[in-house]
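Listed below are the structures to be examined.
Two complexes are shown next, each including chain A; its partner changes from chain B in the first to chain C in the second.
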Partner chain A sequence: MATLRIKGLTKTYGQLKALDNVDLTVEEGKLAAILGPSGSGKSTLVRAIAGFVVPDCGEIFLGERDITHERPEHRNTAMVFQSYALWPHMTVYQNIAFGLKLKKKTPEEIAKKVKWALELVDLPGLEERLPTQLSGGQQQRVALARALVVDPEILLLDEPLSNLDAKIRYKLRFEIKKLQKRLNITTIYITHDQEEALSIADSVVLLKDGRVMQAGAPQDIYSRPGDLFVAEFLGASNIVTGKTLRDEGGLYASLGGTRLPVPDDKKENDEVSLILRADEVELTTEKPAESEDYYVLKGILCDQMYLGSRWRYEVSTPEGHSLLVDHDRNLAAHSEIYLCISRDRLYIY
Partner chain B sequence: MQDVTRTNWWKRMILRTIAVTLIGLAIIGPLAGTLIWSFAEKWYWPSAFPQQVGLKYWKASLSGQSQVMESLWVSLLIAVIVVVLAMLISVPAGYALARYDIPWKRILLVIFLMPQAFPQLPVFINMTSMFYRYNLVGTVTGVVAVHLVVSLVYSVWITTAAFKSIPVSLEEAAVNLGANRLKVFFRITLPLAAPGLIASSIFVFITSLDEFTGTFFVGAPFIQTLPILMYTASMGYNMQYASVIAVLLTIPALFFMLVLERFLKAEYISGLGV
Partner chain C sequence: MRLASSKQASSVSKPGKTQRPRGRAGQSNLSGILLVLPALIVLGVLYIYPLISSIIMSFVSEQGIGLYNYRKAINLYWVDIFFTIGITLISLAIVFIISVAIAGYLRFNQWPFLNFVYRLPLFIPFLIAGHSMRVFLAPHGILNIILTRITGIPELPGLAFGWPGLVIAFVWKQFPQATLLILGAFQSVPDSCIEAALNLGSNKFRAIWQIVLPIASPTVLVAMVLTFVSTIGCLTIPLLIGPSKPVMLPVDMSFRITYFNDWGVANALGVISYLLVIGLSFYYLRYMVKKEEA
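And then the complex of A and B:
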């Protein structure tokens, strides 16, 4: 177990910058989720750590050891692949024992360790099965056991749950988190699912076009998205684009009949984006009191959708935008309503 | 209304029966004829069946010192050598073609295909004149070389496809756990590619066993493989010997085709497009 430090990592494929000057530190025993859309370079990053991709420049340190140019088989990283990558011609036991045999352990040690690993992933008694006789979730548990059994210094999970269905994905997510904490192993978790990243990670790193857009604790990154891309990627139900306006009070944007401040670098008639999340807006039928803490927007209910625990309404604003807003009661259509949103929950870019 | 459908049904059945019988005859007919010929001790035209049936020619063919047995051993020896050499070439070649970005990959494969693209006769005649220069005509080495030219095309293509059908991540997972290249190849890649490699070997074996034209030009009359002997026998109107050899040659081919069917997976065929 060791701290992972990456400095200025760059990798280009022809014209494409897969990694562009990436800096990243993952403290010992922490789980960092690398989050990004496909093609953002997150797979290249994890493959560079494992040694399957040779970076153009930059450095990778595992503890005090510079592993940038070390051969992949000597790095002592353990990777779990999206496709599980279990060897179909070997039993579960042989799959897990493979790494231990390479380390020249005695048969007794191997047997003990494999048993430990299978109990760790909650699959005891499946030693003699072939991978094809297991479900997807079980296969990924075996892959996890195979990776953990060699006591790696860092665990690399490359979209480990993407091939599983939602229910198992949800369950395994928390099991991985628990295991990681219990073993106190430094972990990189690649995903394109923002909810997965936020729920599992100690820190989230958002990647786009090979560049780190934002990094930080899940709560920080969610409540203070640094730019439009981050906010959008972390799940914004409402993105409204309009033009900046000017009056005697200066530049502003208008939404729901309310004057909203715009960033300092905007000029008149520039495009401005407003982001608000459906579950962070409070919907009321009576006009709330003016306050420094929140904005009050006006609108008319025009459509509704029942979500089970709550209703989701489509609200149209006087400016002609439509917003999605959640509320726990059924309201009459076409009624005039007010939206209350905390000032730090309305993101303006 | 019902009568019309019933007549149609009969018509269809009769046509179908005739078609199936004709196709069956076309496929089984010559084979059955050969089988009957191999047991015929006397069979004079125009009788539909042999006048005398027996094992005389089989016994003569399979006795220790017969020419058939001698040719069988020569054929098997050559086939085994060809299989070994073909695998020694196509395993590394197939792996490289499947895994690495080789410049001119397509052209390389086309070169392997080349001898098959031209009419075989001029190719073999040219090879024979070349082989004269190096004293290879009439030698086992020469015949092996001809068989290699004919069979490498299959073996390289099938092994390439076999390696290609193994996901790279299976190899990477092994490297990741500390295996060097040799260990990855022998513990992961080779066992997983084995069905494809066996299929490829069988193809080469049968190709070599049945090869006639090239052997005729390069080997005959000094190297008498079974097909050459069969040709000589049938040209001398010795139909019984020719038929015995034909049946002998069919047995391994049939046997291996059955084995092959189990090993040759659909993904190998689809993996052929490199």
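And then the complex of A and C:
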């Protein structure tokens, strides 16, 4: 186990900057989720840590060891691939034992360790199966066991669950988290699924075009998205763009008939984006009291959708925008309603 | 108007559409057979008919029908039979090592020069390859001239007209095709399978040997079978560069026919060659069936 420190990592492919001056620290025993859309450089980052991509510049430290130019086989990282990458000609036992054989362990040690690893991933008794005889979830567990059995200093998971169906994905996600905590292993978890990243990670790093857009604890990053991209990527149900307005009180933006502050760098008639999440808005039929804590927006219900546990309403504002808002009761269409939103839950960029 | 007419057209064509597949299936059966026919005719006339007739003729001699030709063939040429097997297996082993080495290297590294150069012998006919090797490996050939310059030893034995020369010529002519096939198979092994091995501490050599080669083994086997078959059946190269005794079976066959007009023994030797190839095919098929079952 070791702390991972990355400084100024840059990698270009022709014109494309896959990694652009990436700084990243993952403390010993922590799980960092690298989140980003496809092409954001997350795979390049993890492959650079594993040694399959040679960076143009920058440094990678594992503990006190500079591994930037170390060969992959000497890094003591263990990677789990999206495609599992189990070797089809080897049994489960042989797949897991491969790394141990390279470490010149005795057959008894190998047998013991393989057994330990298979119990760890809850697959005892499958030693003699071939990978093709396993389900996708089982294959991914074997891949995990193969990676963990060599006691790596860092575990690299490259979209490990994206080839599995939703139910298994959900289950395995928590198992990985538990395992990681139990073994106290520094882990990098690549994903494009924001929910997965938020639920599993100690810290989330958002990448876009090879650059770190924001990094921090899941709660922080979710409740204080640094910019429009981050907010959008972390699942904003409502993104409204309008123009800034000016009156004697200064610059402002208007939504639901309410005056909203705009960032300091805006000028009159600049584009401004307002972001709010459907589940963070309170919908009421009676006008709430004015407060310093929340904004009150006006609107009219124009459409509704039943989601099972609640309804999702489409609300149109006097400015002509439409917002999606969740509520637990069925309301009459076209009724006039008020939306209460906590001041720190309305993001303005 | 246009929209309406196109709608009409589609509604009219609907019943036709449901009928069409049947007609098409019939048509494609016929056209399929027509397409395969030339190949089938060539196969029948140039391969199956000669095969059957040579098997039949191998049992026919002046003494009547029997094993006379085989007895004679084995009495006269048993050394050559073993020589043929030996030379073919040695060439095969060297071709295997060289082609796996080159394919393994090119799997990890981009080297367009090597990628181009190794294919050159593919485009050289057997006759030219045999002759150029004869010039290259002769006692006063190009190789010895170079070696004499380097080592200062004035007289070096030539490799041509002996079994090492024969093996060198075979290997040089045969390895490109095997490499081409094996490299293709190596490249179709996913990167992640190789990277998983490197990641766990394997070096590239071990990754090729223990991961890539076994995964690509069906194609590697095909390459080896093709190399075996075309080596064991090659006449030109042994004729041009091989020793005068013992010789490869195709040379014996040609000799029996050219000088003795003895088609019986020649055919018997031919059938023995078939049996050698069938023996290998048997192992190949058994391996493939095992793999399929797994």
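Keep this in mind: the second predicted complex is superposed on the first by the 349 of 349 C-alpha atoms of A that agree within 3 Å, B and C clash if a C-alpha of one lies under 4 Å from a C-alpha of the other, contacts with A are read in each partner's own complex, and residues count from 1 in each chain.
Keep this in mind: a residue touches a chain if its C-beta (ideal position, glycine included) is under 8 Å from a C-beta of that chain, and two chains touch if they have at least 3 such contacts.
Being a predicted model, the structure only gives us computed values, none of them experimental.
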{"item": "Simultaneous placement of chain C and chain B on chain A, clash or fit", "value": "clash"}
{"item": "Partner chain(s) touched by A:334 [first = chain B, second = chain C, both, neither]", "value": "neither"}
{"item": "Touched partner set for A:130, first chain B, second chain C, both or neither", "value": "second"}
{"item": "Touched partner set for A:79, first chain B, second chain C, both or neither", "value": "both"}
{"item": "Clash with chain B, by chain C stretch, listed 2-10, 20-28, 56-64 or 146-154", "value": "56-64"}
{"item": "Overlapping contact positions on chain A, where the chain C interface meets the chain B interface", "value": "50-52, 72-74, 76-79, 81, 83, 85-89, 98-99, 102-103, 146-147, 150"}
{"item": "In the complex with chain A, residue positions of chain B that touch it", "value": "167, 169-170, 172-180, 183, 187-188, 191-192"}
{"item": "Residues on chain A engaged by chain C in the complex (per definition of touch)", "value": "50-52, 72-79, 81-83, 85-89, 98-99, 102-103, 130, 143, 146-147, 150"}
{"item": "Residues of chain A that touch chain B when the two form their complex", "value": "50-52, 72-74, 76-79, 81, 83, 85-89, 98-99, 102-103, 146-147, 150"}
{"item": "Chain A-facing residues of chain C, complex", "value": "190, 192-193, 195-203, 206, 210-211, 214-215, 217, 294"}
